[in-house]
Every structure is written in structure tokens, then in C-alpha cells.
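Dropping the structures in below, format is C-alpha cells.
Consider the two complexes below, in which chain A is the common component and chain B and chain C are the respective partners.
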Partner chain A sequence: MDGNKKKGLQLSEQGRLTLWMFGLLIIVLIVLAIVQPAFLTQGNLRNVVNQNAVLVIVSMSVTMLMITGNFDLSIGGIIGMGGVLCAWFCQSVPQGGAGLPYGVAFVLSLLACTGIGWLNGFLTMRLGVASVIATLGTMSIARGIAYIGASGSMVELGVPDVFKVVGRQEFGSFLTLPFVIMVIIVIAFFFVETKTVFGQKIYLIGANIKAAQLSGVKVRKQINTLFILSGLLSGLAGIILASKLGAGDCKVGLEYEFNAVVAIILGGTSIAGGRGTVIGTVIGVFIIGMISNTLNLFGASTEWQPIVKGLVIVGAILFQRFAMGFGDRHKLRLEAA
Partner chain B sequence: MDAVLQIQNITKTYPGVVALDDVSFDIERGSVHCLLGENGAGKSTLIKILTGAQIRTSGAILMNGAPIEAKNTKEAREIGISTLFQELNVVDQLTVEENLSLGMEPTRFGFFRKNPDIGRMLQTLARLEPSIDAKQLVSKLSVAKKQIVEIVKAVETKAEVIIMDEPTAAISEGEVKRLFEIIAGLKEHGVTVIYISHRLDEIFEIGDYVTVLRDGRHEGTKKIAEIEGREELIRMILGKTVVETYRPREVQKTEKYIEAQHITNGKLKDVSFDVYKGEIVGFYGLIGSGKTELSNVLYGIDAYEGALRIKGREARFKSVAEAVAQGITLAPEERRSQGLFTMLSIRKNIISMNMKKISRSGIINAALIRSVSGEFVEKLNVVTDTDEKEVGFLSGGNQQKVVFAKCLNSEADIFLLDEPTRGVDVGAKEEIHGIIRQLADEGRTCIVFSSELPEVLACCDRIFLLHEGALKAVMDNAPDIDSDEIIHIVAGGGEA
Partner chain C sequence: MHSIQGQSWRSVVKNVYVFGILAIFFIVFTAINPKFIAGPSLSFIIQTVAPLLVVSLPATLLMISGNIDLSVGSILAFSGVIMATLSKGGMAAWEAVLIAAVLGLGVGWINGLLVSHLKITSVIATLVMNYVLLGVAKILTGDTIPYVKGVQSDFNVIGRGKVGGLPVATFFILAAIIIFIVLQKKSVLGKYSFAIGGNRDASILSGINAGRLVWLLYVITGAAAAVGGCLSASKMGVADATSGAGFELDVIIAILIGGTSFAGGEGSVIRSIVGAFIVSVLTIGLNMAGVESFYQYVVKGAVLIAAVYLDKIIKEKVST
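Up next, the complex of A and B:
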């Protein structure tokens, strides 16, 4: 084995990949600015940043789960459920709501979403259901609760004004509260990932779950915590989106699980586990976000957008392989066989 | 000499590394030619070149006097060189018969057809191992029987040369005997066997010639009959004299670290024993004798009935984490799949078992990680230019040292060492035995679980003999211990 040559490549693999993706983000930014002058205006950039904040928030814990080798597909359903429940809890009684104070509604809604996260952990770690299947099931359950809560449409009338603050509050002409929440959460996850024992253990589990167990890592507890965290963040995301909309809409959050997974992979996290970074995910979200924003600016019809998005994703993954010296690695693998 | 294979000036270089340096030797037809060398000496590279899995940089291979040029293992097989890899090449989900047909069935439009030669193959199979049923699923066969299926396949594809890469690494002693009989039969039919093993005793038993590689160079090819003994071979492999005999150690048997009473579960039958502080004990037995099961009980993985006291306190671990917290650590049998995080750096592996030491309130201290990792890399002499190297790229011996470093860092005082030197070359083996002795000298208790008698004899103070889950005998080790008696007992021949 060619130890010397691979060493330099291996050591900084994760960092190098993140750097490449950051480079790609800049390239996309420049290209978009050239082809569509409207892209670089302050108003539009503000849109891009704020529209994607919620996806970043939910993708953080999902990234960590993916590093441990687990999926969480329930986030979209939980987003819908969180928004509807929060709206319904604080909706006035005459309008059919529970009439609770907003603070109580907020906490109860988050608790319910956390409960779905707990259920994900229970199904996966206790009963041994593959996380893809387990969270596919709970996605549907959470979405179902949202449908029932909103009677198939929206919880809108009789929702207090304070409900609309968390999604709409602005600071100056550029920053919004969701964006600020996003920044805080990203910093927190970055800290956990790089500076804490908890973060180190995530990589151990992803690299070799058996060895992690035999090294005394409490694997079950660790993954349960991540699922619960994921439920909590999805609930928060749901409340933010509902607040933006001013209503608890049972259809909000559709395809979030898909977008999150795409952004995470784009950000360099391995589906097989063991590798990945939350910063990579942030970059992944914004690459996709900027591209769909530009498509909107061009007035591309919504029917065509998924195709363009799909092409971009495949292209970006190929770019990544190129960046990682795929040909080189492939050759080495053949030699090792 | 009637040479079936002539290896002439083979050189293989990777950028920056010379894996094989101008290696030349001949292999006589119908002989068992053993290939020896430490891990990284170039054995596997040479085998890969012979089988076409890798392309040589320069040099030539002559078969029956004519140069050959296999581009992959299939072409090599067609030329007449078959290989029994360590990872056997059988398909578990198919029957024996289907496996025999596989890879050479004449196909038309890609459909699977029965091999016309299957009848002859089944006859050969029946001759070699009558207990294998052709309609049986291969997954139901033992490793040894799978090997026999592969040998049948090789013989019947007219293999002139069969390469066997550590065929005895995972089979029982009885099966080894059977394999050797088969190899003797192959010789009679003029088939040449290239035999790779780390077990020197086997080489004396079945080898005709031995070729030793060291650091990619050809150290020498000799007739086994002309070799003086183990020592000479080891000297060739290592380039220095090493003889491993047990050096008696003084153990103050004052403090009992482990007291096991009537440990019983599905695999273990009423096992009771004591182990003292500072002692090295070895559990020796064949595969299936309960070694791994016993280590699982001591490490909180498996449930059991009976009583276990660790350092004087009643213990009933519900998880590995609890056992680790009580100061027990395990170097598992399967190094790569259970002991290490091969995709992570040496540094991250070393700290993995004891995060408390390198953190405060859950926040890690990078400087502390570097110093802890550096300390153990140095203490255990892990050969690497940087501890940020991925563990997957290290040699077997160095990987095992990383496992030991990880265990040491856990600050445990009871070390469970399951097959501590499996797949490790002779030099590193001795180094690891030295480390075990050092651990015990520093007041820790080491329990070695091994299926290699020389290993147990080389480093254990007391030897516990297991047979089918029961503890049959306990012997004090001594340089003149009767190894025949030990083999007699573990083979089920009664108690000492």
C-alpha cells in the first residue's frame, strides 16, 4: 500500500472536502451573479439567507445522525405537526383551539415533537428497526397528527399576534429572528461536533459501531439523544414556519427530509457514516438554496425546478468525487483487492 | 530441479515504496513451497503478482519454461494457478454443487448451466471429504470444509499450482491434520502448493522448501530438511536470533482480582477460577472451547449464572460500559472489525476508550489529546511518522499496538486479551508478549485467550485448559512444561 502518498490526502480529507464545497459555493455565487444581476441585490440575498435558515436548523441534528450511520426522515412530518400543534394550542377556544397561553403552547408543541424523536430512538435502538424504515413510519404518523389538528387545512383564525413573532421579527434591514436562531444553532452544533466528547463519540459510532460498543461508548443513549434533538429542532422549525405564515398549515414541511438529505450529502457527509461535518451541511443547503432562488428569479416554472435541482445535485456529487481524487482512490482500491 | 514456476527479478514499486526488490527463485514441481516473512515483507504482493491481481513493475514469471502474463485471477486460473485466499471465494447462499460449477460453467446468453464436469468433481469431493453433501448450502459448512470445496474446484480446473494463504488461520487442529493429508495427496498427483503461514511448526511438518522474504528482498530459499530448526527460520525472517521461551515471573498472590464461581451459560459449564493481581493467565483451548464466551461474560456482553467478584466486589455487569467503569478492558479477537476504528487516526483510536481523561465537563482538550496519544505511541513503539495517520494503513502488529494503547489509556487494571497476536508477524508477536509482561509487572492482571499454544506457553504464568465450555485443568507454567499433556487435555482426553 502506498502509505506515504495517501497520508497527505487522508489527513485533511474532511477539511479538504469542506474547502472544496466552500469553493463550489463561491463559484455558484459568482456564476449566478453574472447570469442573473437581480441575484446579488441586497433584498434578494436577504431572501436567500432567510428562506434557507429553517432547512439549516433541521439539518444539523440529521447530519450528526447520518455520521452515526442513521437517517431521520421524520423531520418533514414533525415540522408540519409542530406548527399545527403550536397554533392549535394557543388558538382561542371559540375558534376551536385549546386557548392556552402562547408560551405554554410553544413548550407543549416542542414536547410533542420531542416525543416523536424519542419514538424514533426507541424503534431504532430498542426494537432494532432500521432507522430509514422507523422514521418513514413516524414521518407519516406526525403528518397525520398535523392533518387531524388542522382538520386537513390550516389553524389560522384566533391565533394570538405573538404567534407571528418568532418567524417574522427583524433586526435592521437584513437580519431576521429565524436567521439569528440558525446562527446560534449552527455555532452550538459546530462546538459539539469539534470540541466535545459527545461529538467525538458520534464519529466513533459511525466509524465502527461494534468497536464503539466494545470501547464502552453508550451507543444507544448517544443515538437516542440525537433523535430526540432532531425531534426538538424539527418542532422549532415547524413553529418558525407556521409563525412566518401566521397559521398552522398541515402541509408545511413537505420534502424537507429530502432536501435535508441532499444538502447533507452535498456537504460531504458519508451515507455509510463515520465522516461528515455540520459546516459542510450549511454549505450544501445554501448551494441548493441559491440555485432554486435564481430559478425563481428567471421565472422558471415550478414544474421544471425539480429537474434542474436533480441535475445540479448529481453534478455536485460528481464534482465532489473529482475533488476527492476519485480516480486515484478507485485505482488504489482495485490494487488493494 | 524441475521448476514449475520460475520467478525472475520481480520488482514491484509503488510511488515512494519498494514492495518487492529484484526477487528471484524457482519452485519445484510437486513440492510444498512455503513462503515466509513478516507482515509487509512482500508475501502478499508476490502472491498478487502471481495471480494477476497486481501488475509487476519489472521482471518475469515463467511457467513450465514459458513466460506467463495473467491479468486477473481468472486468467491465472486458466493458466493453472489457483488460489485459496484467506477470504474464501465460495458463495454461502449456493449449494456445494453450484459452487463447484461457478465461474466455469459454459454459458449461453448469460444463462447458468450445469458444468459437464460436475460428476467428476463430485467424485473428487467424495474422495477428499465424504461428509460433505453436494446438495448442502455452503453456508452450513465449516471453514475447513469450505476450503476443501475450493481445493476440489482448483484440482478439477487442472491447477498445476495452488496457492494457500494462511489456510489454517481459522480451522481446528483436527481439520488442520485433514488439510495436510489433502496437501500430501495433491503432491502425489504432481500439484505444487505454495503455502503461506505464520505458524512455523506447520512449515516443518509439511514443507519441502521454504522461501523467506524480508523487507521486499529475497532472503533465501532452502530445503526444509536442511534447516536446523525454528531458530534458524526465525533468524532468516527477522535477521536476528529470537527464541521465545517462558521466563518465570514472581507473582505475589496476595490480592484476588477476579473470582469466578460456577459461571454457567449456554456455552460455559460451571467454570470457577481465581486470578491474582499482577498475574498473566492464559485460557487455552480449541475453537469452540468457550474462550470467547468466557471473555464475553467477564466484559459484560453475555449473561450468565453463577457469581463473579472483581477486585473483591460483587459484579454483575449489564453493559460493557459498566465493565469498563470497573477497570476491565478488552482487546477483541477481531482487531479490525471490533477493536479499531480503521477509518480514524491513531490518535482518535487511542483516546476512544477514555474520554474523561482528555476532557473536562464534556469538553475536549486538544493539547491533552496530543500528549496522551504521543505518550502511548512512544510507550508501545507504534511505528508511524505521525499519530494522525489512519489506523487502516498500519501493519497488523502496529494495529494491535494501537489496540493495546487504547486499552492502556482506559487505565484498566484487568486486561482481557483475545488472540492478542493473531495475524501478527513473528517480530511484532514477541514485542506484544513483552508488552503483556510489562503490563503485569506494573501490577495489572492480564488474561490471554489464545488458540496458539506457543503463545500461551511463551507468556502466561498459569494456563487454564478449556474443553467444550468446561475448565479441565490449571497448570503452572514452567520452561519445561509438558505440551503433549496440554494438547491431550484440550483435545478432550481427560484431566490432569
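Up next, the complex of A and C:
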């Protein structure tokens, strides 16, 4: 087995798939612009870009987890919990909150969310619970904490004005703070994925966990870190969403685990692990985001969205099989020649 | 390697500890609220456990084969909505249940198609199905909540009615118990489920059509979830598109607390029956103790994790 050759081959496959997906993004963009003229207006594009920033943020670490072969179903629950806790911590005391300064509330809420992420890592890596089961459990726990914190509805009154900054701050006429945060996080994850040993090890673990272990990768530590990051980013996403809304709503973040999975798979990450890129996920989020946006423009009720997404995801999986299969056949022919 | 004596000791502990957990829950809830032991009549417990039990048993076989179905909650809600719609149209309840079951069967068939034929990981395939079906249920109900008005009077019969003093739900429970114990112990499907979950490749090499059997298990689970949905909607008298939220968690807790391994190859329908009762007693007990429903999310999440951990400890202790 020639290690170098194998690696080179894997990268090129991945690159090709990302390219395919980027092409798909452009095609979707063009098609939508033709069928729905309202799509290409500046105001609408601004919506698409800014509305999907939060999903990109949470999907980054989940992509890496999926590459290692693990799921994180708890992100939606953590998003709800992060927003509610942050709102509750800085809500004034007469309104039933903790009355802490916003900065403290922000940090405490992120710490709590990171704690859930740590618990995910602990359950999966230490106790050997399958990640699906562990994160299903913590999803319920985090959602429960959100419900308790908001007494089943919202933390709204007596929240300081600064609470609304992180989700609503604008730069110029197009950019918002969530989008800027998204760009920074994507760059950071892209750097980690492509330029660091940490990133390389993620692919190793996903391709063959035993081989990774034998070659000295600290699998447990690696995956723990990813779960913790996932908790942190979900918390951040929750705070941004709550800030946009101006309140901590315990029902925010439902379906996020589904949306993240759709975007990640659409972005070319293998459901079996070992393959995928964060840039692909960004593309996936925006393909889905543009499609949902156009459905909205056409006035379709939001209930149709999961149905469309379901079809898209199954289509994407089949399409990727075809694309990869095509590549394999092509390669076989090359080798035979 | 276990001696034969070790094996039987192991299986005794594994089969008995679930009853212990059930007993502990009973004692704890009675201690918190003395009314608990007298309060919920047996028929109330039976009516509560019925939907969960009917779904947990086929889902156990599915998990033994190494697969999971996260869409049961949505199938439950969807079929409740279907039953209510048909009932509204003037159809007799039993016909509505039959049609809902056939639709559930169809959903299970699609799950099986995605998992067995298109080879999409079961977690992802059924997660997607869960949200797709939730969307369908929401489209069907629109903004009408609660979604049962002017339905046939027999709508409530299967969930709440009684025949000769016994809740009608009892017959569904008994039927499910008999069918799935026989399936597990006596049928090829049951035996092969263990083989597939234990080592899928080996089972295929030894001539088992693993894909086809898993597909069949999804179909059965889908139909059972639909029947469960009818029981649940009929009991509550309300069909709500969101009523299935968290149901998959209950099912998974019931299965895992019964010691069935998530990885497959190991498990028991009988212990899942006890598991389903444990979850129902937990729910009823928390309600009676006056615990707000918000806290139940936290408690159930914790119970799920505790169940998995307990199972791991028991397996380690017993096998050494």
C-alpha cells in the first residue's frame, strides 16, 4: 500500500465532489433567478446570506464530527438552551431573571452549552455510548433546560438592549454581524481542516478508526474536542438567534439537526465518514437556503420545506454516488489502460 | 468464554433487573405521592402504555438487527391525523385504523427502501423521514388545533373504550406481545435479526438476505407505529401533528432500558415490554408528582443515558 498515493487520490475525489456541488450551487442560483425574478433582488439576497449564517456556524463542527463517523443530534436543543440561558442570565431581577451584566451572561451561557458538548464527548468516548443515543439524550436534556428557563415560552421582558446587538448589528447595507462571525468561523475551520495536523487526523479517524488509534492518534481526545466545539458553536448560534428575535424562546432551534444533516450531506460529506469538507457544507447550506427562500417567495407554506429538503437529500446522496461511481469507473479505465 | 453456569447466571441477571427497575420506580413514586399506588387505575396504565408498547416491540427487533427508526414519532402523529380525518368523513373507526396502518406500512416500506436498497445509514434515512412526515402531518391539519371536531363517536373506542370491563387497548397490547414474542423466538425473521445485527457480513455470506429482512422489519415497524398513533389519538381524543415529538425517545428508552444493544445482535422483546411499562410508569409518576412537563425532557434524557450506562455496567460485571 502506497500511503502517499492513497492520500492524493482521496483529496482529488473530494475536490471533484466539492466542485460538482459548487456547480450545482450556480445552477440552482440561475434556475431560481429565472423562475422567480424576486430572488435576485438585493434585499432578498441579503436575506438569504444573513439568514443562513447561523446554520453554517453550527454545521462546521458537526461536519467534522460526521467525517469522524459521529453524529450530533443535540445541536437544536443546545441552540434553544443557549438563547434562553443568555436571555435569562441578563434579564433584570424584577422580571424574574438573574440580572447579570450581558458579558457575564454571554460567557456563562456559552459555558453551559460547552458543558453539554463535553457531556456528549464523555458519554461517547468514555462510556462508549453510541453518539446517536448519547446526543439524543442530551438533546432532550438541553431542550428541557430551555423550557424550564423560559417557563415554556419566552424570556423577553427586561432584557437589556445590548442583548439585541449580536444578531442585529449591521455593517453597511448588506452585511450583518452574524454573517461576519460566520465568515471568521468558516475561515478558522477551513484552516484547521486543511493546514493542521488536527484536521488531518479527523480524516484518518473517519477512514479507519482502528488504524488511526494504532498510528498514535488520540482518538478520544480528538472527538471530545469536536463535541465540545459543537456545543460551543451551537450555544453561540442560539445566542445569535435569540438576539435577532430579541428574546430567548425555548422553541428556537427545532429541526436544526435535520437542517445541518441535509446541508452537510448536500455538501459532499460521506454518511459513512472519512470524507467531506467544511467548504462543501457551506455550499450545501446555501443551496438549501436558496431553495427554501424561493419556496417562501412563491408563498409555499413552511410545512412544505421539510418535504422538499427530504427529496433533495435523497437526491444528493444518489447524485454523489453517481458522481463518485463515475469517478471510480473512470479511474478503473485509466488503470486498465 | 463463559461456562454454561456463567451463561445462565448472566441471562438470569439480564432478564430480571428490568423488573427491579420497574419495582424501584413504583416504590419511589408511591413514596413521593402515596396516591400513586392506588391512583392510576390499571386500565389507565394500560391505555398509556399501549401506543408505546405496540411500537417498541417491532422497533426492538429492528434494533437487534442493528438498525434504528427515528421516524416512529412522526408516523404516530401522521396516522393519528389520518384516522381523525377519515373519522371526520364519517368512516367507522376500525376502517380508519386499517387504512392508517396501511399508510404506516407504506412509510415503513420507504424507510426500508432508503436503508436497504439505497444503503443510506438508518439514522439519517429515518431522521429525514421523521421531518418529512411531520411536514405532511402539518399540511394535513393546517391551523386547526385540536384537529378533532365532530368525529364519529367511535373515535375514542380503541384508546379509551372498554369491552367486558377490559380496556380495548388491552387486546392491542396482548396481540403485539404474542406476535412479536413468537416472531422473535420462533420465526426465521427473529433468528436472522440476531445474526444480521451480530455480524451483517457473516450473515450475508451464510445466505441470509439481510437487506430484504431489514426492509421487512421497517415495514412492520411502520405499520405498528401507525396503529400506535391511532391508539394514542383515540385515547387523547385529539390528533395533533406535533404529538409525536419525543416519542422516538420514549421508544428508544424502553428498548435500551430492556438491555437491547444499540449496536445490534443482542436484545429481547420480553424485556422491552417491561421497558415500555417503565417509561409509562415514569411518565404517569412524574405527572402525578406534579412535575411540570418541561422537567420531563431533562428526566427522560437523563434516564436514557442512565439506562445505557447501567446496561454497560451489568454486562461488564456479569461477564467477569
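Descriptive notes on the structure:
We adopt the following convention: the second predicted complex is superposed on the first by the 313 of 337 C-alpha atoms of A that agree within 3 Å, B and C clash if a C-alpha of one lies under 4 Å from a C-alpha of the other, contacts with A are read in each partner's own complex, and residues count from 1 in each chain.
Here is the rule we use: a residue touches a chain if its C-beta (ideal position, glycine included) is under 8 Å from a C-beta of that chain, and two chains touch if they have at least 3 such contacts.
These figures come from a predicted structure and were not determined experimentally.
Residue by residue along chain A, chain B and chain C are tallied for touches, and C comes out ahead. In the superposition on chain A, A:260 contacts neither chain B nor chain C. When both complexes are overlaid on chain A, the residue A:79 reaches neither chain B nor chain C. Residue contacts after overlaying the shared chain place A:58 against neither chain B nor chain C. In the superposed model, A:215 makes contact with chain B only, not with chain C.
When the two structures are aligned on the shared chain, A:203 is found in touch with chain B, with no touch to chain C. Of the two partner chains, neither chain B nor chain C is touched by A:87. Residue ranges of chain A in contact with chain C, taken from their complex: 71, 73, 123, 127-130, 132-134, 136-145, 147-148, 151-152, 255, 257-258, 261-262, 265, 271-272, 301, 303-307, 309-310, 313-314, 317-318. Against chain B, in their complex, chain A makes its touches with residues 1-7, 10-11, 195-198, 200-201, 203-204, 207-208, 210-218, 274-275, 335, 337. The part of chain C that touches chain A in the complex is made up of residues 68, 114, 118, 120-121, 123-124, 127-132, 134-136, 138-139, 246, 248-249, 252, 256, 262-263, 292-302, 304-305, 308-309, 312. By the touch criterion stated above, chain B contacts chain A in their complex at residues 14-17, 53-54, 299, 319-321, 323-325, 330, 332, 337-345, 348, 351-353, 355-356, 359, 362-364, 385-386, 388-390, 393, 406, 410.
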